[in-house]
Amino acid sequence: MSAVNTRRAFKPNWLARLGWLAVIGYCVLAFWSLDITWDRFVIGLENGAKFLGSMIPPNFERWKLLLGNLLETLEIAVIASAFGVAFSLPIGLAASRNLMPTWATWPARLLIAICRSFHPVIFAILFVKAVGFGPLAGILTLIFASIGFIGKLFAEAIEEISLKPVEACRAAGAPFMSVILYAVLPQVLNRFIGFATYQFDANIRNSTMVGIVGAGGIGGTLFAAFQRFDYDFLAAILISIIILVMLGEYLASIVKAVFND
Amino acid sequence: MTSRNWERFTPAQRLARFAIYLAAVIALVVSMRTVQIVPEFLYDAPTQMADMFTRMWPPDFAHYREGVHLALIESMHIAGMGTILALVMSLPVALLAASNITPIPALNWFARLILVSSRSVNTLVWAILFVAVFGPGSLAGTIAIGFRSIGFCGKLLGEALEECNKGPVEALKAAGAPWPSIFLKAYWPQVSPAFWGITLFRWDINVRESAVIGLVGAGGIGMALDTAIALFRWNQVALILLCIFAVVIVAEIVVTKIRQKII
Amino acid sequence: MTSSSNNGNGGNASRSLIVKDLVKAYVPGKPVLKNISFEVRGCSTVAIIGPSGTGKSTLLRCINRLIDPTSGTITVAGHEITRLSGKELRLARHHVGMVFQEFNLVERLSVIENVLCGRLGFVPVWRAWLRKFEQHDIDRAFELIDMVGLTEFATERADALSGGQRQRVGIARAVMQNPDVIMADEPTSSLDPKTSVEIMGLLNDFSKAHDIPVLINIHDVNLAKRFADRVIGMSLGSIVFDGPPSELTDDHLKQIYGGEDWLS
């Protein structure tokens, strides 16, 4: 008589099963509350086909306007990145809790939190109201966006360093900035350069869209083409944006390769 | 005693670094000279901002129930569903892009092109496109968020897949397992922490994105914001901004807590 | 021509350290250091021994004010530094060089950059940033690197060195300051026995060459007896022995450390 083997090799993972059930249930709920029905989707697909049809071939006739806008987009990205990176160094440093006293970290962290929580478009709308249409609003927007991103990651990087070299430099009587330059920065510089180049890349992408609300750059032309049903020009604009972004990524990788050690 | 020279970087390194500094400075100077800014507007900015903030205070909390609450929920659903859609779509693309899983360079390149294009086009621009296709509303918004997120998730997933340990894969191949089983038992266990981490990360970003795509008509609280701004109801604008801020902070806290528990 | 002269130091007060009635209490009423008083002058190697937690590290860090004493006075080369703060404190720290148990080097920088950290207090920030140190500083740094036997490693990154080599860099850095006192906080605890002997020898050599008192926290009593010409024994926050190693008997050690089994 064989003994009944009641040991199971794979225990049913009830938590995971519940999790998957919850996800599927959520999908159903969300689809219903968002009013997404199959009909709308199908009609949309037909529209989409028509849409794609009118986008091909892309129309580069107005390339002068396109080029001018792209240049402005690039300018916005360059200026905003330069100032944004320059500001995020001290702000990120001020926000690091292992080096700075609370009267410095609290305001810095608050500023960074505000800059991060709002999508750049919201900043763009506010700045357009404040300084008018044009690239200035876009530049200010992206400066704040850069501070939010780089500031947070930089502060986190500083909070992870070893404080031992800091102790040694302080014991040798070095002034505050020299301590930062010799004991802190060498430990975080590689990561900072990574953040800065990533943000430059992101700024190029973001500056293509702040124009939608009037903050300069190619976004304005894009939105106008869309509203006038100039879909073939729209296609040309999209292609140029993709090329510009890829160029930015390539430049960023070169900078990282030269400065990292 | 002869004095010895010490330099931190080799001449080649210094040249490269100098070239980049120079290029950056030139780019900055040229940009600042050619960009069309009216300086008066810059100096006027603080007064204008102060004026705007005074109009925003106090935030119109009464407006919440009728104008904001449902829109906020809608944005959250758009973010959630958009992320799920992105995950479903990005997994196959990531598999195609990973050179250790798809050894055909043409397919790798094609998949990477898809990912780069998805990333280069802003969520807002995707939203504009899909509003043209599907009409205004949350369907356009969800798909826009999904398409934008494919690039993000696909890239990180592809990198995670490429870093997988080949050992278990070889073992299963040697045992004659079919490919789907190899994927499920050798690759998936290695990438699943990364997968969930990427999911959380992208959901966090999508919460922010979904709040603003309504500005171009793609549903959610952005539409309420657009209305309020167009009607110059600054107190309502302040309320909506505060709600967005609160939702984003809560989402971040949730993500951080889940991260600590699982990863 | 070697540059062992005392440059940049004021030079008039003899190299000395006077600690008087030093008290440190992290929690009020429970002092970790209880009325510590001693004096050290001139060429002298002082070993401070005592069990863990008895306040040896706290004592050293109170002397260069990395920790603030609760009461008492500390006088380095004739300057009383207990009440200083801000820039004056920073300038006063130039007189005290410190060698750390875990070397505390900047791993990503080269050996020579780490040694030049000792001069950071003397050069303006922009020079430090651009690495444009004056030639005599660079010469002296190389000289010290030679003296500690690391000539071939001068431009290597610090994290490429072994523990013993890193500690030598630490010592070179401390001497680079031209201090009036050198303190070493358990400099050999992370090192193997042979390297420990080398490091202790190095500290002794510098003490004799520059006529500087050296204070060394150490828990290896044999090393202490071998290299120091004066031993201070601490127990429970007070000094219970202060004299030459020859007078350090087993009874004294029992009083300092407690227990008998570890005594050879």
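In order of appearance the chains are A, B and C, and numbering begins at 1 in each one.
Just so we're on the same page, a contact is a pair of C-beta atoms (placed from the backbone, for glycine too) under 8 Å apart; a residue touches a chain by one contact, two chains touch by 3 or more.
Not measured: the values here are computed from a predicted model.
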Legend entry - Centrality ranking, top chain (CA atoms only): A
Legend entry - From subunit B, the most remote chain by mean C-alpha position: C
Inset, instruction - Round to the nearest whole Å and give the separation of the Cα centres of subunit A and subunit C. - result: 48
Inset, instruction - Quick one: report the Å distance separating subunit A from subunit B, using the average Cα coordinate of each chain. - result: 6
Legend entry - CA centroid of subunit B to CA centroid of subunit C, Å: 52
Legend entry - Interface hub residues of subunit B, defined as touching at least two other chains: none
Legend entry - Per-residue multi-chain contacts in subunit C, two or more chains: 113
Inset, instruction - For subunit A, write out the residues touching at least two other chains, lowest number first. - result: none
Legend entry - Residues on subunit A engaged by subunit B in the complex (per definition of touch): 23, 26-27, 30-31, 33-36, 40-41, 43-44, 47-48, 51, 71-72, 74-76, 78-79, 82, 113-114, 117-119, 121-122, 125-126, 129-132, 134-136, 139-140, 205-206, 208-209, 212-213, 219, 222-223, 226, 238, 241-242, 244-246, 249, 254-255, 258-259
Legend entry - Contact footprint of subunit A on subunit B as seen in their complex: 13, 16-17, 20, 24, 27-28, 30-32, 34-38, 41-42, 44-45, 48-49, 52, 73-74, 77-78, 80-81, 84, 116-117, 119-122, 124-125, 128-129, 132-135, 137-139, 142, 208-209, 211-212, 215-216, 219, 225, 229, 241, 244-245, 248-249
Legend entry - Residues of subunit B that touch subunit C when the two form their complex: 1, 3-6, 8
Legend entry - subunit A-touching residues of subunit C, taken from the complex the two chains share: 64, 66, 90-94, 96-98, 100, 102-109, 113, 117-118, 120-121, 123, 125, 128-129, 170, 173-174, 177
Legend entry - Sites on subunit C touched by subunit B in the complex: 1-2, 110, 112-113, 131, 135, 138-139, 141-143, 154-155
